[in-house]
Each structure stands twice: as structure tokens, then as C-alpha cells.
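Two complexes follow with chain A in common, the first pairing it with chain B and the second with chain C.
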Partner chain A sequence: MRRHLRAEWTKSRTVPSTVPLLLGVVALTVAGGAMASAATTAPACAASGCTFDLTKLSLTGVLLGQAVVVVLAVLAMSGEYGTGMVRTTFTAMPRRSAVLAAKAAVLTGLTLVAAVIGVLASVLAARLILPGNGFTPAHGYPALSLADGPTLRAAAGSVLCLVLVALLGLGVAAAVRDPATAIGVVLGLLYLFPLLIFVISDQAWQRLLWQVSPLNAGLAVQSTTDAGLPLGPGAGLVVLAAWAALALLAGGLRVRLRDA
Partner chain B sequence: MTVTAPYRPDPPAGRDGFVPVLRAEWTKFRTVRGWVAGVVVAAMVTVLFGILVASGVHCASGPFPGRPVELPCSAPLGPGGEAVDDRFFFVHRPLDGDGSVTARLTSLTGITTFPPPDHHPVVPRVVPWAKAGVIIKAGTERGSAYTAMMITGSHGARMQSGFTSDVAGPPGGVSAASPRWVRLTRSGGTITGYESADGTRWTEVGTARLAGPARAGLFVASPCDLSVYQGTFGGVGAACRFTQATAVFDQVTVRGAPPGGWGRTRVGDTGQRTDWELYHRPAGVQESAGTFTVTGSGDMAPLRAGEHVTVEWALAGVPIGLVVIAVVAVGFISAEYRRGLIRTTLLATPRRGRTLAAKAVVAGTVTFAAGLAATGVAIPIGTRILRAGGAVVLPVGALTEVRVAVGTAALMAVVAVLALGLGALLRRGGAAVAVVIATVVLPEVLAKASILPDGMARWLLRVTPAAGFAIRQSVPEYPQVIGYYAPVLGYYPLAPWAGFAVLCGYAALVLGLATARLRRRDA
Partner chain C sequence: MTDACVVVNGLRKRFGPTIALDGMSFGVRPGLVTGFAGPNGAGKSTTMRVILGLDAADEGTALIGGRPYRDLRRPLCQVGSLLDASALQPGRTARDHLMWLARSQGLGARRVDAVIEQVGLRTAARRRAGGLSLGMRQRLGIAAALLGDPPVLIMDEPFNGMDPEGIIWIRALLRSLAAEGRAVLVSSHLMSELQDTADHVVVAGRGRVIADASVARLLETASGRRATLEEAYLELTRDAAGFRAAGAPEAAL
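And now, the complex of A and B:
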């Protein structure tokens, strides 16, 4: 397994797209969060009598950052199919599931680093921006802090979310192979579910779809104030993990059973 | 040292021209089964999803989750053919020919129920668009034509007519110390509105047409007070809380009316009464010594999207279809790079810009045809299902409906060209698909599902290619009507064609960059 890991690490390290994509994850996560924080002001909200979940607001960028995570994950797999490198890989390392596992491990490590940096910077950016928009302790909004239990949970959960999305992308790419199709499938799965939930008017169906939607369920962990969500933070992450596991299983079977 | 130019073969004689290139690209497209299937699937998904959405909407349940108020299942139509809200208290006399109605307004007060942030049950407050004044209306039925000259809660004097027209007059409110005069005169079917601070010097505010028998008199309306909250499953809910306004008129004169008493009508009466009306102050009029105290609620306004269903609900599947279109259009070029076919293609057509242009024409045309088939089926079937479910589908003119159907097909075609351009520019199919989805589909979906904060959603729908979705918006925003004009309810920050132009700008830019890159770089 160490050999496999090393091979995959060398590939990731030397492919020119890896570093820009990782930087993209960080940049989009932070930019999305900062934009959401900058676009929200306390008075506009207070007029309609609402309260904001500032932690969730600060982590809005995860929605955008995960698109880049998906590209990174898909390219890790289908890049090899595109160039034919995969035949060399399987010749050198005939245990195909081990290759997939090594890829998953390297991808997890890379995504984890980018996600931690991105999420921490997002919280920091929101902490700096929000008081300027009227979210001050005087108005009942204490400064965001990771020492606060729910905020820490939301931040850690967001990191985990990004990692699970990467594994989902890797699994789908292994199953579908064509990078364009794989990215279409994963992003469609992530981003079209909310649309589906929104337009279904039957409450029971809405609830069910919300519970199985990888994006909605996964990001439930970001919520620090809304107790009325159909899934708790832990259960939400389990749903996303189940999607990732299913995709990896399908991808693993396809890699093992079919010609490369 | 000599510099040799790279060898570029002369174009072969006799085969020069755009048509053969176009034919070659069309042949490529048509012979790859996956691409043809993809376009068909995109059209089918668009239609089926629209039908799925339409069949789930019923008038009593409402299109938005968590709505506390039941939607009315029917709406009257105004003189312009739009669905309207027409509720107010009307004190009137007949006016069949020329004449005028004049009144002095000495007070405009009101109440608002359960206003945020503290949600006290009832507070004395006049909502900004509460209105009181004089009106000439074709009848007392809902939806009949009217022209009114009014003083509003905080938008000064206004002249409004036909439910959609609004002309601003002199600003300022009304009080006992500074009463306001309003007058409407009718002469030969033309009504002119005037406002005055002293009853002698009059300012003309505007004119409108209204011929035939009519009723003229005083009116008071007070639209409900809107507050919007986030739905648990995405989307927003809106609570429209009861408000009421009371206006005191004196020195009321109606010229041109036959002798007789005043008629009193609660226009658009549903029979429902709030507790406030039952136990404190009902809508109505009290008259003593020429002073009329009129109390009323409601509004004269076109209905808004969000509170009612619009034609574009049948096109809810477009973002899903676009994901498939993006994959196909990107593949149309990136597959050539992946398989090395691009070298053969460029050998056969050495003028590289032409190849890309031909591909863009093929991808755009095929997508437009599929898109038009999809919207042409989805809109009639979808609206029919919506109406069968009892929902009020806000009626729009035939031209608007055509703009929505053709515009949406054009939107899909331009997105296909954009995707193709990105595929040529980036050469990597995966990255190109990701960029298209992230910049076109994502802002629209996140804004619609209200996952993003409203301010950010508006901003994204201005500057990203997703601005093009504005072409689907069938009903316009009315600044004089209280409503939640947000992307989540289908109101885009840019006008339909402006939004579409933003998308076209991006497509042209990307295609230009891709052509330059294709010309300069090795394939």
C-alpha cells in the first residue's frame, strides 16, 4: 500500500493542475464567504424581523469551493483514462482497488489541507467584515469565534463535507471515466437537488428529498441556529458519506471488472 | 540566423468556403450517438421536470413551502388583461358624461397588525402605500377600469390608473395643519388629475383615458404589510399582514352627477373579516355635516409572481437541461482533443477560426431547435396543468409568451456556444463543464432555492452569465406595488434582454479568446 500511496502522491504532485485547483478551492471558499458576509447587513434584516445564522453565512463559500473540489477529484481519476496512463498504472500495480484506495487517500489529504485553510480563512474574513455591517455584540451578534462550540462544529463539518464531496467525485469519475460527463453528473447531483426540493410542493416529499440530497444534508452541519432542519448535523454528514461510499463502491467495481 | 515561418499549407482549391466546414461539423455531431441522445435527453428533461413541477402546484397549497396564507384560486383581470388585486372602500355617485370630483383630505391614519420586530398585535401606523383620494371607476366590479388621484402614506400625491400606471405628483403627506386637495376632471373621455395645497392653485399631475358610464367618488385602500422569512427547505415564505387606513375628507363636490345619495361599496369583498374589523373598526364610511370618514383595506394593483404562479414555472427544468447541454457542447470540441481528431480536422480545414465558427453554429442551432421544441411543449402543457390544478397563472401577452419561449431556447443555445468556447479555450472537458455549471447553472439554482443570501444572489445574477435567465421573467416589477421582488420569486435584477445580453457578451468573449488560442497554439 505504501508503494501505491507514493505513486499516487507523485502523480498528484507533478500534474500541473493540482496546485492551481487547490488554490482555487481556497480562493472560492473564502471569496464566496466574504461576498456573502459583505452583501448582508443587519439593518436590512432587522426591518423584516429576522435573525441571521452568521456562522452559516460565513461558510457560504463552501458551496462554491466544492465545485473546484469536484474538478480536482474527477481529474485525479479520469485524467489517467484520458491519456492512457491508466494502463501503465495497472500494469505496475495490478491491485486495482488498492490503486483507487491510494488515490482516495491522497485526494483526502490534499482536499483536507485546502479545506482547512479555506474554512478558517472564511471564518476569519467574516469576523472582520460582519461587525462593519452592523452585526456587533451590541445588536446581539457576538463576534464569530471557533471557541464557540456550534461554530467549531460547523467549521469542522464543512471541512469534512468538502472531503466527502471529493470522494464522491472520485467514485463517480471511476465509474463514468469521461471527465466532462463525470463532472456534469456530480455537480448535477449536488446542485440540482436543491432545485428539485424547492419546486416540489408536497411537504412529505420535500422532507424526504431534503434528507437524501447530498448538498442539503451535508451542509446541515453548518447550521448553528435552525433547530427545525429535517436532519441533525451528524446525520446529514452520514447521508453525504453514504453517497460518497456508494460512488466509490460503484467506481471500484467498474475499475475492477472492466477493461481499462 | 534565419527565421523560418512555420509551414502552413495553402487551402485546397475548390473546397474553400464555410459550407463544407459546416457540413463536416454537422456530420460529426450527428454521427456521435451520445451527443444526439444528450440533446434529446436535455429537451425531455426540461419538459418532464416542468410538468412535474406544474402538477404539484395547487391554488390552496401555494407554490412556496411554509406559506401560512392560502392562495386565492381565482383573480379578476384588469383592463390590460393582467390579473389584478382590486379591493378598497368606495363611496360613489354615478358620472356618465363629463364632470369632476374634488375633495379635501385632512387626515390619513391607519393601523398595522403584528408588525416586526416586536410583533405587537396592533400598532397605529400608515403603511407607505396606503392610499386615499378621489377616483373615477367604470363600475364597482373587481377589475373594472379606473383612474384615481390620491395621497399616499409616504410616497406623496400620485395619479394611478388601469392597475399598472403610476404618475408621481407633489411629495408630502397629509395632516390637519396641512390638508391636501385632490381633483379628477373628465372631459370627453380624458381624465385629468390635479393636486393642490390650498384649493385654489392646482398642479396637473397626469391624464388618462376612461370613457362611458362610471362611478365617481372617494376611496381608501391600504395594502397588506409584507414580511419575508426563510423557508426551512429553501425558498421563502411571506406573511402579508392586515392593515387598515382611515381618511377624513371634507368639501367634497361631484360635478356632472345626477342628484341623489352616495353609494357605498366594499369593492372586492370576500366576506372575510379580521378581528380588528369585527371588534374595533369595520371598513365603511361615516358622514356628518359634509365630512366623510372613510376606512378601508386592500389595494388596486397587478398580482405579483411569487404570490401567484407565472408562465415560467413550466420552464423550471431548464437549469437541469442545461447541465446536459453543457456536457454535450463541451464534448463536441474536447473529444477532438482527447482523441487527436483535432489534428485531422485542422489539416482538412487549415483556417482554424472557421472550424470553431462552424462548430458554434452547429452546437447553437441544434440546441436552439431542441430548446424551442422543449419550451414549445412545456409552456402550453405546463400552464394547462397549472390551471387545471386551480392555480392562477398570471396571464401575459402573446408577445411576452413568445419572448419567454424563444428567449429560453436562445438562452440554451448561447450557453451551448459558451460551453463550446470554454471547451476550446481550456481543452479539458472536465474543467470546461465545471466552469459552465458553476457560472451559469449554479447562481440560478442557488438563488432560486434561496440558499444564498438575497444581496449576493442579486449581485451574481447581474455579473455572471446566469444573468441570461432573466429572459424567462414574464411579469415586470412594479415599484408602486408592495412585493418581494427577489430572484427567489423569479424577479431578476436585470431586464430580460439586458440579462440575455450579458450572457451573449460572455459567449462572444469566450469564443473570441478560444479562436485566438486555436490560431496561435499547437493542437
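And now, the complex of A and C:
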């Protein structure tokens, strides 16, 4: 397994798309959060007594960053099928599930680094931007801080979400092979549920869809106020993890059983 | 056959209605270059993919030193192979391509530089693989095959895209690898490419072996009028060209 890891790490390190994509994850995550923070102002709401979930607001960019994570994950697998290099890979490393495991490990490491940077910078950006929009301690909004338990949980959970989305992408790519199809399937899984929930009016269905939606359930961890969500942060992450595990299982079976 | 280190026995495989392999059996012995000839669609590439564990046969076995390829621990140190020279990430440099392969076998950078030198790719080593000519990509593929210093080499159409100088180089390389005691299996759809290279020829047609003999015997048997391997081959494969569809009459072209 050590040789598999070193081989897959060398592959990721030497393909020109890795660094730009990782930078893309960071940039979109931070930009999305900063824009959301900049577009929200306090006074209108303060009068009516409602409260903003500023932590969640600051992490809005995760919604954008994850799309780049999906591309990174899918290319790690489908890129090899597209060029036929997968045959070289499997002649060098015939234990195909070990190859998939090594790819998953390397992808987890790379995504983790980008996600930590992106999430930390998002919180920092919000901390700098929000006071200018009226979210000041005087108005009852203390500055965002990772020393605050719920905020730390939301930030760490967002990082975990991005990693799980990467694993979901890798599993789907191993299962369907074609990069365009894989990216379509993963983005569909992520963004279609929220759309359906928005369109469907029946509340029971809305709730059920929300609970099985990888995106909604996974990002429940970002909520720091009691928003009455259908799932708590832990259960939400479990739903997303289950999707990722299912995808990896399907991908692993397909890779093992089919001719390369 | 008992001293063969690659033994292919009764391979059968079909892709939908097409029978790709129909009882393919032969052995590859050490110290010889074994040519693997046959028209396009005879099952040469499929046989090689089955030997390398990439495709699963419906029936039959392909063993290397008595073991299936998928059980080999550091496979590139036991079997070096070249299937498709274009099967690489075009954005990665030639040297980095060899580098990840080396890492997968626990080999170091020194071995990578040695094979780059051996195949004459030193000036192109830092160039992206996608920008290399087909001939240079073949050399890169051969470098990958030699990386683990394996006792068995399997190459599918290594002469493709090579200029005359490259063809002469490959011939000499294959001969020297066999002279070192390695088992070398080389496929080609052009018998003339094998004439001065192979010691032994396995001729395939319609997914099975039509002839399995030394080059000398192929030239001397039967009518005795054959001057070249090409003629011997054409006589052998006259009825065996192309794929055969199960249950369907031979398509009229």
C-alpha cells in the first residue's frame, strides 16, 4: 500500500492541473463567503429583532468551492480512463481496489489542505467585512471567532464536507468513467436536491428530501443558531458520508469487475 | 513448452456477439524473441491484455511463472509491457511518467534516469508526454517496460510510428534482451517486421493459434517455395482474416 500511495502522490504532484484546481477551491470558497458577507447588512433586521447566523453566512463559499473539488476528484480517476493511462496504472498496480484506496487517500490530503485554507480565510474575511456592515458587538454581534465553539464546529464541519464531496466525486468517477458524465452526476446529486426542495410544496416531502440530500444534510453542520433544521450537524455529516461511501463502493466494484 | 515462462492456455473471450479469443494457447520461452503475428482482429491485443490481467477471459488461463499476473507483487519487475504508447497523461513530463511507475514498484530516480538513457530519450525527458512524436512515445513506453529490469517482456506493435532508424534500434534491443535470457513476446501485423527479429513465431487468426513454429521451420516447410516469412504468413492466414461474428455469415465488404 505504501508503494501505491507514493505512486498516486507522484501522479498528483506531476499533473499540471492539480495546483490550479486547489487554488480554485480556495479562491471560490473565500470569494463566495466574502461576497455573501459584503452583501448583507445588519440594520434592516436589527429593528425586527431577528438574528443572523453570521458563521453560516461566512461559509457560504463552500457551496462554490465544492464544485471545483468535484472537478479535482473526477479528474483523478476519469482522466486516466480518458487517456487510457488506467491500463498502465493497472499493469503497474494490479490490485485495483488498492489503487482506488490510494487515490482516495491522496485526494483526501489535497482537499483537506485546500479546504482548511479556504475555510479559515472565509471566516477571517467575514470577521473583517461584517463590522463595516453594522454587525458590531454594540448591535449584539460579537466578532466571528474560532474560539467560539459552534463557529469552530461549523468551520471544521465545512472542511469535512469538502473532503466527503471529493470522495463522492472519486467514487462516482470510478463507477461511470467518463469525466463529463461523472461531473454531471455529482453536481446533479449535490444541487438537484436543493432545487427540488425549493420547487416541491408538500412539507413532508420537503423534509424527507432535505434529510437525504447530500448537500443540505452535509451543510447542516454550518448552522450555529437553532434553525430548526430536519437533521442535526452530526446526523447530517453521516448522510453525506453515507453517500460518499456508497459511491466509493460502487466505483470499487465497477473498477474491479470490469475490463480495463 | 515446459520451460515457457508465459503460458497461455485455452483462452476464450467474447465481446457481445464477437468472438475475440477462441481457444488461444501458446507458450513464450526465455532467451528467444517470440513474434506474435496475425491480421488485425486476430486476438493479439486481447491476448496480451488478458496476460496482463487487464481483461478477464471467459475461459482458460494465462500464467507468468505459474502465477496469474494479478497475483504478482511488484509486477513491473517480473513483466515489462508496452500496449499503447499513447496511454499516458499528456500533461505530465516523460520523466515524471516513469517516476510514478518507478514509485509504484519501490524503485528510485536512478533507475528512471538509467532507462531514459537506454532508450535515448535524454533530451526529451523534461518535455510533456503529449508533445512527443509517436516514435518518441514508443521509446517512452519501452523505457517503462524496461524499468523493472524484468525477465519477461510483452510488447504490442512496438514498431508502430517508428522511423527506419527506430525500427533498426528496436530490433537490436529485442535481440539483445533475448540474448540476456529474457522471454520476449512481440506482436506485429507486419510479418516483415518480425523476419529479422523473431526466433519463433506464433501466428494467430480468428482468436486461436494457426501456427506455432521457429522462423526457420516456417520458411522451409510445405511447398518449400517460400522465400520470405511474409509469404508463409499469407498462405497461413488466407482464410483467417478479420473478426468472426458468432452465428452471422462472414460480412461481405
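To be clear about the criterion, the second predicted complex is superposed on the first by the 256 of 260 C-alpha atoms of A that agree within 3 Å, B and C clash if a C-alpha of one lies under 4 Å from a C-alpha of the other, contacts with A are read in each partner's own complex, and residues count from 1 in each chain.
To be clear about the criterion, contacts are C-beta pairs under 8 Å (C-beta built on N, C-alpha and C of every residue); 3 or more make two chains touch, one makes a residue touch a chain.
Bear in mind the structure is a predicted one, so any value in this text is a computation, not a measurement.
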item	value
Touching partner for A:92 - first (chain B), second (chain C), both, neither	second
Partner chain in contact with A:260 - chain B first, chain C second, else both or neither	second
In the superposition, chain B vs chain C on chain A residues touched	B
Overlapping contact positions on chain A, where the chain C interface meets the chain B interface	17
Touch list for chain A against partner chain B, complex	17, 35-36, 39-41, 44, 46-50, 57, 60, 63-64, 67-68, 70-71, 74-75, 78, 82, 178-184, 187-188, 191-192, 194-195, 197-203, 206-207, 210, 216, 226, 228-230
Sites on chain B touched by chain A in the complex	52-53, 56-58, 61-63, 65, 116-117, 119, 227-230, 232-235, 313, 316, 319-320, 323-324, 326-327, 330-331, 334, 338, 428-434, 437-438, 441-442, 445-446, 448-456, 459
Chain C contact footprint on chain A (complex, rising order)	3-4, 6-11, 14-17, 79-80, 83-88, 90-95, 259-260
Chain C residues within the chain A interface of the complex	49, 52-56, 69-72, 74-76, 81, 83-84, 86-93, 96-97, 99-101, 103-106, 144
